[in-house]
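Have a look at the structure that comes next, please.
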């Protein structure tokens, strides 16, 4: 019910939604949005709308799955049936299972897992609306939910995708750019440790294009990282205001 | 099933207050928590709504697809209601296929919509016996603080009211999408009202801690005309006939109140 | 392969099977019909043929599901593939899962669950042939199977549906009345406690019709209750005869 | 796997009696328990039967639907045998999809019917490669007191003998149901006879407590002509070739006896 | 994409692949082929290609499934999706579940299960290519994998099918003979104990044909048994050579 | 997660050796284990291959069926890659549906083939939007000694190179199989190269014991032109940008080497 556009970048070098190649979509972040969860956060990035909740650290059942020297991090990335154009069955797809794994592995390097041996922490991510780049936005928002839950962390993880569209390296692909473009490269990054914690790619890039893409993605992550910090600050301020 | 002393004491307090006509959160026995409804929040869905009932938060989305009618109703579109108790909403929810609670929730909401004829399913028929519109109503519980049924029924109806159907025409057996949308026609506004029996008293809109100590609950869905279109008793206790008749009366009054508050009645 | 009738009540006020509006279908009940179960019973109500078996009280596995202060009652309502016009898949449907829950909740108020803490009792219901009103007949027969198993009970639970058909409130709907009629209201009742333990409804009833329907259902339950007691008595007599 | 002293003693007693040619329930080694067959008990099914083999109780129902043939047998109707070990039949049966025992049971019964050509599947073909009748034989075990295979095979065959096929005609590619029914044509009467090996003796129709101590079992299905159409060895023990040949002989004799008793032979 | 032949035995009494009625297909056996398994073996019988691996004896989880007086033998017969003409779904079919059971029961009589109470041993069989008679070849190869794992055994189990094809009793059916033939009879045998541990049949045989078929199958098993022993010897010699 | 002292000591040794540029099995940090490829071993499959990477052993089979295209690519055949970690390959593999590791493995291999355009999917289209060839690539891990991704990618590509498509013609909407086969056209030879980060060093082709102590791994798939077509970072650690760029460089060199060794480049 949608048709592919002929060009993704116009003669002025602007993208379909008017952005420049190195421009992020508008981002709105809120921390501490769910009452029951130990920590939670909400992100809107373009039309993406994603909730993350954290439960933990807590006891692990069955007990033989617990690890003697560290916390087990579990992660479920899940899309609401109404989040995409064609209704998605609520049963986890192969894509959702893979993304749950790589998101978990993108968050793990940020956490002092050894502080809570024999426990588990659950990260639940629900994509309420998807418009490209949901795995990256999920990492960004899940990282804040972990912080909100008081899980001790080395740094926040910020994530952002880059891609090649009409031959140009562009930041923060939206859905149509992801589907029609020549390459997609999601990346997660901890600025304080200069650490890439998620890196995937599919498409076709020369080594030179790849280096340019990674640099642009890291720039994007740094911008998002600042927004994460602002959102956390806003949360603590508002909590303090309530307490006073 | 928490059983620490503190929890027990709090439960006793809730129960004793109710026997005096009071509730721990300050409400009267027949007061709803604050209800907030937002519509159209998921642009990619044909219809959507988010309902806050106190701290209980439920989202509903409507998707429309082409499909086949059921053999026994060849002239009607298909309505499918599904509910997911996703684990971010409560420490007691587990990932996995819908359990008995999620299935009951979806089926109670479904019956309210269906039996009140809120949607004219015959208008969703394209070619009898062959091609119809299929409406998927997906209920998504985001925070569980009690009375999921009423919140879900409100979210589902608000999402349906918000639903726009893409225009199409049938040419030589082929369906062609045309530009523009038409609102889904809504004929009725069923409202589900749930009462819990605690300490032999009926309380409206139980929150989570009340649900944990209630003997039983009853959900009564009434339509614009004040008629009853669906009932569901739940929980391991019972009601006397007198309590049931009292509950019906309260549910009808509360439904009128909610419909008026949300602008669903003249 | 069946067509809907035009009228469900004829000019004499009689129903398709010749019953008056407030008349039950013929009911046959037998208690203690299965050798292996701790308790069992069989009911025929019109063309409905339903078996119930009870196993318990017994230890619960895994143990963390046990409750410190009461017995766990579990219930499975299941239809045989050949019980209905179109073959039913043996996998539990959403309807069967909901009915298992409401039947369990209709039986629980009758049982002194606190007498057997940390145990479980299973109620297995198999619908061998279905003809409308199976959930009510299941409660009626399961209640007897529980009694037959020696589970201590406050009272027997009797159940019966009422409905609105061609504008008339009628007792004990059969399949075609359920499907074509204007309302269906299954109800379970313990006469000694004046307690409604199951109440569902779908259709359309005015408050006055509703009160009339509930009263008629309770009358039906009382008649069934007497048959339950007769069946139990017959069981004990026959057991005694065997023992002598 | 009960292991109390009482059970052990009883098992020893069963085993010792068998070595003396006797059985705890008074039968001889080659005696069946009493067999009772009732047909036509489920009016909504096209065919049905209930079999009591001592305290073992099995029901079978036959449903018929229109469907497609398998690609490799385009001229034949489809026969599907399914077995459910529903939990009301035994404390050892669990709810859930069929386990290896239920699947083996269904497949052994299926092979007996299929390999004896009891049903002429070609007569169930409506339009080769496109439309055929599909026969669902559902075996439902209601009480498990041993030898489920023989009881199930009897129930399945009795239900098939009881089956009436609705009349229909094909007009311009469309199937129209016509009034009336025609009996399903039965060409053969396969009978499954199971023997258990206990204490190196062969005993016919083992009941539950014998099954718990048997080394192995063998089921031999023979047809009206006395030919062998299906065999299944089960259990974690073995048979010598001599024992197998002996079992074949016994099974053939018993099948004749059962067929005569049930009126399935001239 | 294949058509049925008109005759399976030609005027010289030879089968489609040139074999005589009592002739086995070429068999190749190798023991100790997988590095991780405690025991393993590989067989080619005609076009059948089957791997078996044994893990155990080992602790059983969950523990309440363990038996106080013997080892639990578990067995999984599984076909690779590419092993047959039409791709097979990797989910276990009803046929695979039944065969896993009968293969397990064909192997159990060979094992001194009582030597390792409270443990479990797993036998995993993967059919890489199937051409008729896979259950028999699976028993033959699994029996060697058990021996390779050092599981104490009374005897090796050899297995082979016989059948009736164009009215003739023939040994070791290949796929087309199995499908078009009049009877199929797989049999497993321990020569030292004169013990039949697997016996199935479907088709139509007179008692005389049956006796002839069983005798022929036992002859076939004895030949295979000798090949099994050769393969085991080759394994030990090669291990010894490596060790020296 | 073994944790005995011996295992710990061995792990320390592996780690310390790597920091000195050495590996326990004698390889240099950038050496692959011996690679052996056999093709055409499963005659019943349209294509097949077995790959040995040291003691890691993976088989891949290709089956071709007629089917329907995806709605969004009506002019293309369908490529489906599936991986089974069958339990005979490792004591850590369990029977059951593919877990996250098997799914990730299959999807990484799939992306390498797909994004390099190794197969011209448009040539597998028979009738746009209606009928296409469906390629099933089934990866079967037979022994797990580390680096399953690279071994599986090699096995999948080798099986595709080995694949013969049956000839067919379309006559009046019906497909007819004709005698003979045509090789599947292969346009590119994507090679996946996996590096593990251990003790802050990058090592190529990690074996099992290295995988157990690595911080993270990265798989880089490059095509004949030396361009990057797929990347997958795995494991609970991280890479610096510098390490990533270094890994890219190594992966490109190794891919050229492997392609040359296997005769996949001029």
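By written order: A, B, C, D, E and F. Residues from 1 in each chain.
Operating definition for what follows: contacts are C-beta pairs under 8 Å (C-beta built on N, C-alpha and C of every residue); 3 or more make two chains touch, one makes a residue touch a chain.
Because the structure is a prediction, the values reported are computed rather than measured.
Think of each touching pair as a link: the shortest run of links from chain D to chain E has 1 of them.
Here the chain-to-chain distance from chain A to chain E, counted in touching steps, is 2. The distance from the centre of chain B to the centre of chain E, each centre being the mean of the chain's C-alpha atoms, comes to 58 Å.
Chain A and chain C have centres, each the mean of its CA atoms, that are 51 Å apart. One inter-chain figure worth recording: chain B and chain F are separated by 48 Å, centre to centre, where each centre is the mean of the chain's CA atoms. Residues of chain F in contact with at least two other chains: 98.
Multi-chain contact residues of chain A, defined as those touching 2 or more other chains: none present.
With chains as nodes and touching pairs as edges, the resulting graph is a single ring in which every chain has exactly two contacts.
Starting at chain E and stepping first to chain F, the touching chains follow one another round the ring as E, F, A, B, C, D.
Looking at the complex, you find that chain F touches chain A at residues 1, 3, 98, 100-101, 103-104, 106-107, 111, 114-116, 216, 218, 223, 226-241, 244-245, 248-249, 252. Taken together, the chain E residues at the contact with chain D in this complex read 67-68, 94-95, 97-98, 100-102, 104-105, 108-109, 185, 190, 193-207, 210-211, 214-215, 218. Of all residues in chain A, those touching chain B in their complex are 1, 34-37, 40, 47, 49, 51-53, 55, 76, 78, 80-87, 90-91, 122, 124-126, 128-131.
Those residues of chain F that touch chain E in the shared complex are 41-45, 48, 55, 57, 59, 61-63, 65, 82, 84, 86-91, 95, 97-98, 136, 138, 140, 142-145, 166, 177.
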